[in-house]
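Think of it as A, B and C in the order they're written, each chain with its own count starting at 1.
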Amino acid sequence: MTLLAVEDLVIEVPGGRAVDGASFTIEPGEVLGVIGESGAGKSLTGAAVIGLLPAGARMSAGRILLDGERIDDLHEEDWEDLRGKRISAMFQDPATALDPLRCIGAQLNETLNAHHPMIEKVRRERVGDWLDAVGLPRERMRAYPHELSGGMRQRLALALALCPAPELLVADEPTTALDAPLRVQVAALMRRLAGRQRTAVLLISHDLHTVAAAADRVAVMYAGRIVESGPAEAVLRAPAHPYTAALLAGLPGVGPRRARLPAIPGAMPLPGTRPDGCAFHPRCARVAPRCRREAPTLAPGTAACFYPLTAQAAHG
Amino acid sequence: MTIARLVLWRLLQAVPVLLLVAALAFALEMVAGDPVTASLGPDATAAQRAAAVAQLGLDDPLPLRYLRFVGAALRGDLGVSTRLARPVGGLIAERLPATVELAGVAFVLSLAIGIGGGAYAAVRRRARSTRLLLLASLFGVSLPTFLTGTLLILIFAATLRVLPSFGRGEVVALGGWTTGLLTGSGWAALVLPALTLAAFQSALLLRLVRDGMIVALDSEFVRFARARGLSHGVVLRHALANALTPVVAAAAVQLGTLVAFSVVTETVFQWPGLGQLLVESVATADEPVIAAYLMLVALLFVAINLAADLLCLAIDPRLRVAPAGGA
Amino acid sequence: MRRLGLGPGGGIAGVVLAVLVLAVIAAPLYAPQNPYNLASLSLLDSLDPPSFLRGGIGQFPLGTDAQGRDVLSAILYGARLSFMVGALAVALAAAIGVPVGLAAGLAGGALDAVLMRLADAQLAVPAMLIALLADGVARVLLPRSWLDGAGVAILIAAIGLARWPQFARLMRTAAHLEGQRDYVAAARLVGIKPLVITLDHILPNVLAPALVLFALSLGLAVIDEATLSFLGVGLPPTRPSLGTLIRVGSDYLLSGEWWLVLFPALALAIPVLLANLLGDAIRERLGPRVRARP
């Protein structure tokens, strides 16, 4: 049974719609990588799933279902019961995500205790286990966040987010603040630990290496909509949407071997300035008259494009 | 080790300041003090006076006399008040309890109002009650202490006649300490002065705590704490702890400000403490008391600033690392 | 005001404050009475309530005090005196602090360390307490016979001495930054005194924050003056400032002549509140660089 279903999600920010009808699903234990340039609405989508939209952003249409039940209309008190235990999240910047005043053991301890009350001795053991699991020495239980490196902090954040054993983890740009070599390492660790306890992951990233290292399936987001989705392997190797192809082309070592392009020409439309037809058409190398008139829709396992690069249903 | 070095460094820095203030006090004594008349009375003969000058060491070189002055001050010998003809040390000891109790209660009160009100104003950012609270705090930081006190007397003592407007009420002697905290009238007499003294500090703290709490509530670690399901109460507590770290130093320094403004409050409410003694002494140019006060104030503020630094270290682990140290 | 970007609250506060200050300065032109002219007072008029109350006389809108003095006139003249003492005290503070800060910032080294240590040590103690102690020291050092005539001067000196460090800090930072520029080193090489060349560059930079500090300090200095006068170590009852009026009036608090306290208190509180609103608006505009301290 589908764990998370996001249906026609619309999120409005001052200026217009930042997320404009995004739909996707996540199966239990599955890692879905959502990629796209910054401003595509990825992070807002993640924030809506965890019920923590920033001030000024408002979900105005669509549904979010967890195990078939709506969670987008919950009251804050009900969210408190849900968060951690069933849906957890981690964010981009490990430097600011941890309470600077308390040692890391205490923060793990507190998070464990909030969801699975257990006797002190067992809990202490579990804190140690989690530090082991993310590769931090047990002796550093009493260390403070500022005494850890960026990579260590983000691994700790991973432990904090996963230790309540949620069914779903929303990981919003979990590797973006890290140096390139660390990204794949943290992404792989996340995949391993989540898989161990069958936690599904909504992995939001604009770093394709991170997604390639962790995701089972990939959804590509552009201007507030999903424009392509499918198995990670297939999408990253043989993109169907010109936008996906352009993203991949900007990246060495992933996807079709081609000369690295500096960037995709032009910029993604801001909320409220979405052009008619396909939102990508002003930047698209394969643009045709139809693209300016009609907006393509996304059928399962395909790309929202009238002229995909690969054959229809290539992703199965 | 770092902490010990910090304390030592701070004390070393304070020594020249303290010696300078002592020199100022000594200069006052030199210009205005008349120890011969003070010890012999005005009717002494010239011979008696000459003998006293020699005996008191008044013809010694100035640096020697300065050292002797500092030494005497360190032993608590602060001279004799010209106005009251009593040793200054004894006068201060007698007045100290009233001031300590007033400043202490006002400090607790301002912490309670400042932290509680500030946190409330940040959590209920748009509530009508918050707007009232902020308006009240504007009055609190704007009105001079003596005006606050006078207006409180006008309302609660003169018009409503529910609280006394002067004195300490009934006090109980406990050894060398007199306390008003054990009698009903003592507490009643404390209400208006403590409110007056706390008004400015609590309003200032309220604004600082509110600003800090708003930043903390919007911070990433609060978002992450909520995202992993920590309860509302726990999250608020951690946010408050973080909001308070920058406030701690300010709050500790406020204690010094409280002592300073207790001078005004004590005058308004005729509270028999150190502040009233200082004002009376300034008005009558009572040199030994003013000299003693100069040194006392310098010492007090050195101690308070040191305590503030140590408190910050205790709360914020980030400060415990030497800033120049490697990663 | 709108052009300065102070927002409607700050703008209104500024305008009202300016009108009040002008009105107070011009007081002798329209005040019903000269409160210093004892001959014009009549004891028959003593302790009259305000004219809008039963028993009040139209001649004394805010009532009279125990000497039969018109409270409105006393407030107007008292506020004039308070503002004057505050302005001169801040001018003195700037006159001390600006050269000290310049010297410390340009000379650097030991002189800088000593002067700024001194400034910081004094900043740790509230200005009101420094002013009170300075007042006490002055009273000890000056001969008794001088004290009555020199009351205003002592008060100005005490408050000025209490408020110089903030000006010194501001100037020191500006001078220090400017002193490190290349052109100063170049000027030194060709033998131009750094003071001459830097003044040209420093002054425009610090002018705005210095003016704001001056304005904010002005309000606080007025409060210092009122506080000292209230404590009875400021201006004498014969030439009362607002603080003196409140002190004298507070003796009548419990006997029912509330107008002797309330009106002078409002006359002090309203400008101070307005100054704070204006200060908040200016700070919001300039950022946290400038902050006057109580």
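We adopt the following convention: a contact is a pair of C-beta atoms (placed from the backbone, for glycine too) under 8 Å apart; a residue touches a chain by one contact, two chains touch by 3 or more.
Predicted, not measured: the structure shown is a model, and the values here were computed from it.
Listing every chain that touches subunit A and subunit C alike gives B.
Distance from the centre of subunit A peaks at C, each centre being the average of the chain's Cα atoms. By C-beta contact pairs, the most connected chain pair is B-C. Averaging C-alpha coordinates per chain places the centre of subunit A 59 Å away from that of subunit C. Subunit B and subunit C, compared by their mean Cα positions, are separated by 23 Å. Centre-to-centre separation between subunit A and subunit B, using Cα means, comes to 54 Å. On the subunit B side of its complex with subunit A, the touching residues are 219-221, 223-232, 234, 238, 241-242, 245, 315-318, 321, 327. The residues of subunit A lying in touch with subunit B in their complex are 50, 52, 76, 80, 82-85, 88-91, 93, 96-103, 110-111, 114-115, 144, 146-147, 149, 157, 160-161, 164, 170. Across the complex, subunit C meets subunit B through its residues 117-118, 121, 124-126, 128-129, 132-133, 135-137, 139-141, 144, 147, 223, 226-227, 230-233, 243, 246, 250, 253-254, 256, 258, 261-262, 265, 268-269, 272-273, 276-277, 294. Here subunit B touches subunit C in the complex through residues 13, 16-17, 20, 24, 28, 31-32, 138-139, 141-147, 150-151, 153-154, 157-159, 165, 200, 253, 256-257, 260-261, 263-264, 267-268, 278-279, 281-283, 285, 287, 290, 293-294, 297-298, 301, 305, going by the rule given at the top.
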